[in-house]
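The chains carry the letters A, B, C, D, E and F, assigned in the order they are written, with residues numbered from 1 in each.
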Amino acid sequence: MKKIEAIIKPFKLDDVKEALNEIGIQGMTISEVKGHGRQKGHKEIYRGAEYVVDFIPKVKIEIVVDDAMVDKVVETVVSAANTNKIGDGKIFVIPVEQAVRVRTGERGADAI
Amino acid sequence: MNSGDIAWMLTASAMVMFMTPGLAIFYGGLVRAKNVLGTMMHSIISLGIVSILWILFGYTLAFGPDVHGVIGNLSYLGLSGVGMEAGPYASGIPHILFCAFQLMFAIITPALITGAFAERMKFSAFLIFTVLWTSIVYFPVCHWVWGGGFLGSMGALDFAGGTVIHINSGVAALVCAFFLGKRMGYGTDQLHPHNVPLTVLGAGILWFGWFGFNAGSALSAGTSASMALFVTQTAAGCAAVSWIIAEWFYQGKPTTLGAASGAVAGLVAITPAAGFVGPVSAIIIGLVAGVVCYLAILAKAKMGYDDALDVVGVHGVGGLWGALATGLFACEAIGGKNGLFFGNPKQLLIQAEGALVAIVFSVVMTAVILKVVDALVGLRVNKEEEHQGLDLSQHSEVGYRI
Amino acid sequence: MNSGDIAWMLTASAMVMFMTPGLAIFYGGLVRAKNVLGTMMHSIISLGIVSILWILFGYTLAFGPDVHGVIGNLSYLGLSGVGMEAGPYASGIPHILFCAFQLMFAIITPALITGAFAERMKFSAFLIFTVLWTSIVYFPVCHWVWGGGFLGSMGALDFAGGTVIHINSGVAALVCAFFLGKRMGYGTDQLHPHNVPLTVLGAGILWFGWFGFNAGSALSAGTSASMALFVTQTAAGCAAVSWIIAEWFYQGKPTTLGAASGAVAGLVAITPAAGFVGPVSAIIIGLVAGVVCYLAILAKAKMGYDDALDVVGVHGVGGLWGALATGLFACEAIGGKNGLFFGNPKQLLIQAEGALVAIVFSVVMTAVILKVVDALVGLRVNKEEEHQGLDLSQHSEVGYRI
Amino acid sequence: MNSGDIAWMLTASAMVMFMTPGLAIFYGGLVRAKNVLGTMMHSIISLGIVSILWILFGYTLAFGPDVHGVIGNLSYLGLSGVGMEAGPYASGIPHILFCAFQLMFAIITPALITGAFAERMKFSAFLIFTVLWTSIVYFPVCHWVWGGGFLGSMGALDFAGGTVIHINSGVAALVCAFFLGKRMGYGTDQLHPHNVPLTVLGAGILWFGWFGFNAGSALSAGTSASMALFVTQTAAGCAAVSWIIAEWFYQGKPTTLGAASGAVAGLVAITPAAGFVGPVSAIIIGLVAGVVCYLAILAKAKMGYDDALDVVGVHGVGGLWGALATGLFACEAIGGKNGLFFGNPKQLLIQAEGALVAIVFSVVMTAVILKVVDALVGLRVNKEEEHQGLDLSQHSEVGYRI
Amino acid sequence: MKKIEAIIKPFKLDDVKEALNEIGIQGMTISEVKGHGRQKGHKEIYRGAEYVVDFIPKVKIEIVVDDAMVDKVVETVVSAANTNKIGDGKIFVIPVEQAVRVRTGERGADAI
Amino acid sequence: MKKIEAIIKPFKLDDVKEALNEIGIQGMTISEVKGHGRQKGHKEIYRGAEYVVDFIPKVKIEIVVDDAMVDKVVETVVSAANTNKIGDGKIFVIPVEQAVRVRTGERGADAI
């Protein structure tokens, strides 16, 4: 199993979720994060002074899937989250050794 | 002059002023967090802009000696001649106090419209729009009804501004919603309120201030103001109740936002009627207002314009119902005039005519103004800016760091 | 009639109305975020429900011509005969304005109780409870004290509602807390306020409105109202200070919530005394109120009922202290009556009797009403709903998207 | 006595009281979330502390019969002799009501200062500071101007407290900022507001209350109050507009916080002038106030003191401009006195002298008091506590759990 | 070492924390996340229209432990977080190659 | 590639960010988390009762880097985040099998 961590633009979340649902992926966990990278931050003004805030709101989606699904999921996310602009985000694939469903205690592929 | 009247009108003026910050947070809570400041700014800065217009030329256009029933002349330009003497509109209070009280009405009217173009209007466009709309639409309509103009002479009843303020702004809001188009994500994303407690508090402040609005419109501390205050409370409460009952019936759950919206709908509806009707009529006006405005908002969804904060449904429809209701429920014993239910069907007709005139004028002029503003600076922020939100794109600020 | 009195009573009525939205956010800030709207809704919708009851039959039960000292007769049913003429309760203002002012009191009293059953009561149960309690408990007790009933005749002093409003609602709150049982997680989870700034703002609005409440209870703009206003400020300030000193002493730190709660405790305690005592007495009443109410809340923890937002400790105990304090500190030079410390020990006894009658009546009737409501619709949401929070389970709304 | 005057002054007193909770949220929104309660606490508890001081000895020091133009004597100690009779400062209202109105001014003045030492002052140090500063600085200066003292006799005009309240607190704030030093992270971290909507609402409440402040300072419901109300609205609105225009020009974007700050700057500037100038002068006073205070805040950044919430820039500079503007624009037709532009250059000099005296006195005494408090308990929380925030370190509370 | 990521119902957090403390686990990091899976979302109403919000609040607990402890921790979390209802959550086990304590620079098992 | 997860004190975030920028690391993702460990929690008072809140606000920084950079990044974070007090936090190193840039579809080292 692998965990796919996708860091995307917040307003793309619904698109990505639906694209994933379409390829049969239901389970996922999301969190609000802030990103730093090449994308320029935004400007804020306070009391006449300008500040650049270079942590930009992003959404992180975590999806644990069977090895077989990894490529498909990655592609789906890439195409759904893409806006062709800097800051569209990254996808990381991380090994998962075990998965357990809390309710039933099921393990492995059955758990996800 | 009478110190009791002055005491009340000082208070009422302050209360009506307070409605505009109340509106700022009422609207502010309803938008998404990224637009909260941009939305509040619309109301707050109207407090400034309209004050300046009012002193320079607004008061004289609205309340200067009448010219052919259409507009005030320029006698009071720069408030010259408007001072501490009593009259001419109210014998119990100084002229300048009447002018102050009326200023607060002029401020909140364009601020009400801003709910329609929330979350997508350029700040510069908003400024120009507000200056033009207040000057070309509000001041004349105000004159027609209260300043000696033809609607007042015709006998149209509008105690505290159902036509001048609510129909007028509600209709302008409709035009704005059409011209600006829908917000990005309308119909797909959940463009829901970010801070409902703020909105409910805003409704509370509006309710409080509305006593100044309606009972203050008596321009003296007497029986008329007393009855106006009572029916204001009644209609607001009844509309809050009927709105949530309608919700319960149609959608299975009563909502807090529904109660708050209902209260505002009731306040709008009783505005023109406040000095003319009694408590039992107020119950009916309120109960109907809650249901009708709720249905108007349901209807909006089908009609496909994005009146973001429901100015049309609440102020337009509620104001129209109020204007007509005044023609139905007005009672001589209360305010010196009878409506249909008290044997004077003509009044209903006059009310409808008054409303119609305001609607037509407001629609046409608002459209013209929007065209002009669009040509000058463009009405709408670009996509990138809309995404970012007005707070960052228009003001380089963020609302919260909690 | 007197335009100064009318000016003040218009203002005071508006200010007392404003207390209910103030209470909505005071309570709203104290619950967890998932219950903020459900909690605010209790206050907001009371503004509607009680207005309707009041017009239909409440006013006549409370203030209609007295029947055997127990209840008003039905002369004013549907407010018939309640109009713009002066009197009968205050010669300086129209009858309808007195009726409006008193309505605001009738609204806030049941709203106060809602703090006890916060975070777990069904919305339908709350609605029925409020209708019944207002009708069967509030209207009679109000009549007894202010409407010509036996407590007033007996000489019980209650300037602005210490017994009618605070003891009455505080005691009802105690019964509610017992009947509803504890919130899930009580004693294990941290059921802490989600938005203390909102609560502090609510306390500020309550404080402001309370000047209308207490000084308005003079029913005229004169010396009595002036003194009432002064002692109201004094007691509120002193109780805020003494509450945080008590906290500092007992728990090592003074809290902001303590200051806000103390202010409310002081306002409650001075309510019955406002027109009867002078500034130095007000200092003592306030200082004692802050400490006594704080200790009452500490005691609650040991007594094992879950009065979620401390209505009993603040309104019940504070109201009782205020009723007795009126019997101690009343001073003829201020309000025409002396208390124990000014040589009239009997007054203290009368005060205690008045309070006792209200307590017994409120306990019994509240219990009966709760039984009935429980049988009709069930008082409490189910576990799943309580987990989810009232906002989602009762209203399908969420408070914040920040 | 006059019931209209009483009605207005009851209302005005309540409105000015309401400014202090308004200030609590104005300041509360400007600090970081971890300091919101500690900051609000400063204002809220001032409502208590100063009320007690006022009754015990404050009123008599400020308004007791004059001793050599310097201080009031002790005739009114414990408010003895201050009761329901009319006068001595206003013939239309009871003495106790004048005392109540003035109390609200005494409360807000030290509360204003707290913006300068926000986010880093020990709560115990704040308490002692407030007691000392109010006693040693506020009461005397108040006496000098309004209580029969030498500044008033000299002819210095200060309608509602430009010198007594705003210059006085603004200058004290400057001294506090120097003594306390900068906040940790000043210049490197972004010490930005955590809740701008709260701050804007606070500005709205201040604006509303300010009508009581300025128009109430007429001490009667008459023409003077009416004009004061009008120019208050005008200056506030104009300053909001000119502030954001200045921002637009200098920094490329107008901000919501700028509009709110501008409004407050305008309110400050018109305070001393309110009863003495007309609407057109008020426009100029307001427009200048917005720009000057904005520039003062820009200048602060270069001068390297950390006046956290800009008390100096808004209240100090705005108050000074207002005091001088009164000497420029005062007009006999309005308030019985002429300023420079109406042919009386001497008035400007007197105004400058009055301001100078207040500045020197406030600087010296504030410095002395801070030295004493520092020696007694230490002014500033330690680093660990500052990191944690005042809410946890001083009060063991958290503002939000959203 | 492994990182155990448990996604659980928020109101179970205290129980899980205590159960972990009992087996000697002190260190953990938690974050607020939103989950999507089989559990039905809740209904919201706005202006007369119904919306289903299908991202449900969850809490993520991250615990880095020695390989030897993994099973025990997983079991502890399963039994403490279980309510036998859909949506109880998942546990994922992820390899960790190195751990460092910032304060001391200690590495490996000593760091946790 | 590895993912470096650093859990640090919130007020150290800016220092760490700058230290990383200095060694050429731009990309990172941060999130607000709460930590439990040896560091004592703070005390809260509500209605006269004291409560200890033992979840302490922390910031999590996630940085995906080439294997060659891992040690340097870890050291940089350690020295920038260190205050020598309990609660300074932890750093975990986790294997990453793949990285993808959403905008371009680039993979591996090119993506980060």
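Note that a contact is a pair of C-beta atoms (placed from the backbone, for glycine too) under 8 Å apart; a residue touches a chain by one contact, two chains touch by 3 or more.
Fair warning: this is a prediction, and the values are worked out from it, not measured in the lab.
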Those chains which touch chain D and also touch chain A: B, F
Copy pair chain E, chain F: interface residue numbering same or different (half cut): different
Pair joined by more contacting C-beta pairs (C-F or B-D): B-D
Mean-CA-position distance for chain E and chain C (Å): 45
CA centroid of chain B to CA centroid of chain C, Å: 33
Geometric centre distance via CA averages, chain E-chain B, whole Å: 51
Multi-chain contact residues (two or more partners), chain A: 31, 44-46, 50, 94-95
Sequence positions of chain D contacting 2 or more other chains: 2-5, 7-8, 11, 15, 192-193, 195, 201, 221, 253, 255, 257, 395-398, 400, 402
Pairs of chains, among all present, that meet the touch criterion: A-B, A-D, A-E, A-F, B-C, B-D, B-E, C-D, C-E, C-F, D-F, E-F
Chain C residues touching chain E - in the complex, by the definition given at the top: 185, 188-189, 387-388, 392, 395-398
Chain A residues within the chain F interface of the complex: 2, 6-8, 31-38, 55, 58, 60, 70, 74, 77-78, 81-95
List of chain F residues in touch with chain A within their complex: 1, 3, 17, 26-31, 64, 94-103, 105, 111-112
Chain F to chain D touching residues, read off their complex: 11, 14, 42-46, 50
Parts of chain F lying in touch with chain C, wherever the complex brings them together: 44-51, 53
